[in-house]
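Next up: some structures, all given as structure tokens.
Two complexes follow with chain A in common, the first pairing it with chain B and the second with chain C.
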Partner chain A sequence: MISARLHWLIGIGIVIVAAVLPFVFSNFTTSQILTRALILGLAAASLIFLASLGGWVSLAQLGLYGVAGFTVGNLVQADGGAKVFAMDIWLASLLALVVTVLVGLLIGVIASRSEGIYFLMITLAFGVIIKLLFEKATDLSGFGGINQIIQPAVLGSAQLDPERIYWVCLAICVLVYLGIRYFAHTPFGLAFQGIRDNTPRMRALGYNVTLIRTVAFGIAAFIAGLAGVLNVWWNTQISPGTIDIGPVIFLLMIAIIGGLYRIEGAWVGALIYVILDNRLRSVDLVGERVATALGIVFLLIVLLSPGGVMGIYKSLASRWRRSRSESGAARDGDGTAAPTVAGD
Partner chain B sequence: MNIRNKRWGWLSATLLIIIIGIVAAACGGSDSSSADTAAADTAAADTAAVETAAAAPEKKIVMGFLSNCEGPFGPFWDATLAGYYTALVQFAGATPVDPADPKAGVTGAMVPGTEIPIEINTDYGCSDDKADKALSEAKRLVEQEGVNILIGPLSGDEGIAVANYAKTQPDVTFLNGISGAQDTTLKVQAPNFFRFFTDGAQWTAGLGAYAYNVLGWRTAVTIGDDYSFPYTQTAGFVSEFCSLGGKVTDRIWPALGETDYSSYIAKLPNDVDGFFLDVGGTGTVQFVNQYTEVNGNDSLQGKVMGGAFISNPAIIKELGSKVEGVVAGSALPSDATDANWTTYVDAITAAFPDQAGNAANIFLAGYYNNTQAAILGLGAVGGNIDDAAAFQSAIAGVEISTGVGPVTVDGNRNAVGANYVVQVSDKGATTLFTVPDVDQSFGGAFSADTPNPDRDNPKCVAGNPPPWAASITK
Partner chain C sequence: MASGSGLTAEVASALGPRARLSGGTLFLLIILLLAIVGIGIQAAADATLFAQITLNGLSLAGLYFIVASGFTLIFGLMRVVNMAHGSFYMLGGIIAYLVQERMLNPDPTSFDLPQATLTSFLIPLIVSMFSIALLGVLIQQVFLRWNQGQELRQALITIALSIIIADQAVARFGGIAKEISVPVRKSIQLPIVGMYGTTRLVLLLVAIVVGVALVLIISRTRFGMIVRAGVDDRQMVTALGVNIQKVFVGAFFLGALLAGLAGVLGGAVNSVNKSDDGKFLLISLVIVIVGGMGSLTGAAVGAVLLGLIDSYSDVYLPDAITNYGVLLTFFLLVFVLAVRPYGLFGRPG
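Let's look at the complex of A and B:
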């Protein structure tokens, strides 16, 4: 109980510190490190949502993120893309989320019938299909991507007021995080986790497994879509390269570095990835071999802590608790968003 | 217990490594954030009160480099660096640190005619052919490293994204590396983005007129990989060939990376005079092998015009007599012996002897041209870049000396320069003739209002041939 309260306090503390960071750091750091980490973290959260609650690793999340981004780019005034709508950015963003959820449900209907490696392969295939679709349909993706996508006026200029989009991203990330934690406790969320743990039993109990999984995939698509919309608000640009196979793998890396079974891990992984990506280049030994260096960091983390950085945190926390009360059973303090199950 | 302790040791060690890494990164970040603030202050001073501007010290010149060290163009990283540094050695009096390794950089670069140093940022921008990556690297160099003259990027989509970004950074001057999309200058038109090397369509200048006037073609088919670069190259051929009265009856677009071209070859009609071939990479070899298997070893001669891919020495070596006689467009001659070319090759040899063989490599030449333009522009303003607009208008006025002769830029800040029509032989590619003063608009066929080159555009329309077409005759 105390531990759960402590976790909430830590969480609130982190959000408060995060909210004042733009006053401490330069515009560049706020925009290119912090905001980028929040957006990538949000995309990774959609992946971890499915992994932690559903036991599924999906490689289609970045594709869905792209669907949202390209939809916004095509509906508003921008350089490239359909160029016929010039819709209001808020309406376009809302429509983009609707389209993304519909695409997510469609993928979910097909993919939810599979498990494990087959699910991974099917979602990878969808990710590649979405990328190829936008690459080939230049009417939708422009000649060199969609550029100069307008931003909501309230965000001001990305160069001069980078803190505004940062705060918007932070607020949405906090809401999504709380939403996922809430979802885990709802009957629907519990049924979803039940399916992860014992599918035949849930089916025998009368649950419509395919429907529940499809809807959960739609929710994950919504989270990925939010990240995709925020990405074009922030970067004012998207091209098929954004959702290529390389970035898909990097998103998976972010989730695994952070910890595939803890929602918080999404943002931890994203922050580590973004900082390393930005700073490793300046290390003489690394230079242009950034991808190799990232790969080594990834390997180290996976080898030493399969639960990622959040796994290390969790282990240290439970060790600390054990040392405080020798007899206390090492039970995870809150254990809500991290219902890790042996053999899962 | 012992095992558990060991495991904890490992875990703690990892955690420690990560924490050290992040702290080190954060320290690096805070260093540059102060540089950022300084840069922002300077920028504010420029736009604010006059007395502040007068009191502020002259802006330091920091030159940055953005190319591809990963992805499909990663192998050209050294060549692009060699082009960049050769220009600094030749025109800014710099000395290579290690003539065998362009990455090691140069020392002592100065604005020509002054003692003002040009600071070279060595935290190179490293992209991977993706617009996002190029953009985030450009932002890192400009906003974090304080670069105020950026040379790059390398490929098409990257160029468009960086040119758009340039519009948000009017105090920074951008010069393209070797990205070849038309849009970058023709449509984006950022006032502070320059390209002192011709675009992908300009590299086919002269081919359409050669096919129509010299070979007597009246109908043609195009076949090229299904993505933006072949669209642009095909656009150059189609617009010139059609403007003279030729007809393009079909445009065939195999997927990039196709390994079996038999169905496409079957689609090529027999009743046309020839075709424009722009299938790249390993696809060129596969296509030609399959085509000649069906139609005979000498079946390509007189029947094929090629884009930038087919005159590549490696392709010629691989295909030998099968491509003998094929005519192609090229931005650089590989067999030139005139003074321009010799001076250019000598400059590379003097700076980086191992790179002399790359003289005819457009990746090296593109970075060389653009860096040279930046240096000459700096010379023209005496190294004073406090007034970015004045510096940029000085760059717009410079005439650079390149391996293909003088190059200037047009109103959209895109190069106007020579192009080559070459013929493949067993010795490599021999220049048939030079097309001087090729401009981006192809005599008005391309403008900011025309549709982007794609599978169906530009349309095949007769009339208004480009100015060079009339002089290409038998």
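Let's look at the complex of A and C:
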């Protein structure tokens, strides 16, 4: 077993290496690969948070990400959208998070009464409805999206200083990661996991199952909202296509590549996805049909390894130390029963 | 909105003394009442318009029902959430269009196909329906059969397939919406309604025929008997010596066939469109969630609710908020799930 202290050291090492990457890579790579992976990873983390601790696969997370992005776009000065406010970007971002969490709580209170595959279907329906709303309501989304959304001044220019937004994203991702790890060990987090493992027993013990689940969904909405806000800071534009059913599925793909049960897998999956997406576009044979190629990759992962890349890592690791422990770290299976605590 | 309140009241009374008339429910009933009064006033003001919109809503409901019944059939029996169901719908339209294009040899300068004869409509329809049905069986046999019981994994597999299908469809078919040509006159005279689109009436008729046929198949045939038994207790059915794998193939065949049929009809009434897969997946999901998973009655009721809401909200909502009509679908989902977590006709399974 790797000791907890070593885990910490490795973690700190990874963050330090990540922080100096902009000095190594070009501006393009920093922005289009690294920053994009961090933001998508953060969105995927909100999905994995619910999957690993709650045993839920939610397809509404990208919709919530879009709610945050569109709220920012409508509240500040931008091309398209409501155009009636010209709020300070920080205030707008804060309000966007509040709105996202409120929408998340509303969806959560309804969805938290369902389980497994029903939850997946209900959240997908909500996600698509959010997208349709922004697509139809052009007073909120402009024609062809909201463009030229102002950024916080401290981030400088997107072209010249891509490392600033990268560092901001990195810092927030680290904080969210630590926050989720911490949350998993709080009484509330333990109760949430208890509900995943045995709902009737938790109810019998007097826990308010619906309340706990709803609040947890609100937390996940907050994380998705953070990713949505960072996305418009980085990208300065958002359109209904950002949260279309295709991207929803690709976000799920990121979470699956990373393995649905490890929070850090979110960023591993996002990095792999972003690199694949970028590289495949320049391959002659694939070219325009990059979605087909990604779909095939996704299909292969689902068919071959339900645990994703982190699952492969875990099963290798557990094979290596099988003699020492029978805790069955590499339980795969259909994923409806999430096996391990994220912070194990 | 109109038929919603009757149902909710019915549901509330069916729940009996256990059902508390909470503030939320009361609020919901008041809103529904207001909606009915609003629509009633509009109906009194212009009966022809009202009749037309209602008929529009019902024919839309017919299309929705054909799609959703296939979805709910597959889910009810096999617990497979077929995320590629919308793709089946879209492919159904595309295949029929491509076959018809071959048959009709359209003028390359014209955007629309020339009017079809009965043959040049039915052959594309049948080719498309059975291609989709076979595709469904193929997917079930190759990808889903060995994952039985792993609901999430099966859903993910069909999601991955739907991405591939959607992307390939765009590549082959292009992004422009196209109409399938029909062999009938464009519109006919009806009492009260006035001139009305023939294709929509045919669609409504087909939906009713499909509904009756499904009810008969489920209630009268041996296949239907096994399906009903399988929905209740799959293991027991297997233990009794029924080859449930054959029934699964049959269910997937029928479910995909219905999606293909709906795709062709939708392409004839509206158009064949590359974004139809997501749209009709959502419609299937909402109808089945509202109506209750695996329930045919639920699919019919859900389809009528959704069709009428779509159609009334398009016309009767004030201009300022007509773009937000999709929120009504959202609230339909929220309210039904708040009162009945398993849908109107669903059971915990």
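Methods note: the second predicted complex is superposed on the first by the 314 of 344 C-alpha atoms of A that agree within 3 Å, B and C clash if a C-alpha of one lies under 4 Å from a C-alpha of the other, contacts with A are read in each partner's own complex, and residues count from 1 in each chain.
Just so it is clear, a contact is a pair of C-beta atoms (placed from the backbone, for glycine too) under 8 Å apart; a residue touches a chain by one contact, two chains touch by 3 or more.
Computed from a predicted model, the values in this text were never measured in an experiment.
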Do chain B and chain C fit side by side on chain A after the overlay, or clash? clash
Taking the superposition as given, does A:A291 touch the first partner, chain B, the second, chain C, both, or neither? both
Could you look at A:I117 and tell me whether it touches chain B, chain C, both or neither (first, second, both, neither)? second
Have a look at where A:L94 lands relative to chain B and chain C in the superposition and call it first, second, both or neither. neither
Answer with first, second, both or neither: which of chain B and chain C does A:L304 touch in the superposed model? first
Considering only touches as defined above, state whether A:V57 meets chain B (first), chain C (second), both or neither. second
Is A:D244 contacted by the first partner chain B, the second partner chain C, both or neither? both
In the overlaid three-chain picture, which partner chain does A:K136 touch, first (chain B) or second (chain C), both, or neither? both
Regarding the shared-chain residue A:I256, is it in contact with chain B (first), chain C (second), both, or neither? second
When the two complexes are fitted on chain A, the stretch of chain B hitting chain C, from 311-319, 365-373 or 419-427: 311-319
For chain A, give the residues common to its interface with chain B and its interface with chain C. 136, 138, 244, 246, 288, 291
In the complex of these two chains, what residues of chain C are touching chain A? 79, 81, 143, 147, 149-153, 155-157, 159-164, 166-168, 171, 277-278, 281-282, 285-286, 288-289, 293, 323-327, 329-330, 333-334, 337-338, 341
Provide the residue numbers of chain A that touch chain B in the complex, in ascending order. 25-29, 31-33, 36, 79, 135-136, 138, 142-145, 147-148, 157-159, 235-239, 241-242, 244, 246-247, 272, 275-276, 278-279, 281-282, 287-288, 290-291, 297, 300-301, 304-305, 309, 312, 315-316, 319
Quick check on the complex: what are the chain B residues that touch chain A? 8, 10-11, 13-15, 17-18, 21-22, 24-26, 28-30, 32-34, 36-37, 40, 69-70, 77, 103, 123-124, 126, 128-133, 135-136, 139-140, 143-144, 156-157, 159-161, 164, 168-169, 181, 183-184, 187-188, 226-228, 231, 452-455
Under the definition above, what is the set of chain A residues touching chain C in their complex? 57, 106, 110-111, 113-114, 116-118, 120-122, 124-126, 128-129, 132-133, 136-139, 244-246, 249, 252-253, 256, 288-289, 291-292, 294-296, 298-299, 302-303, 306, 333-336
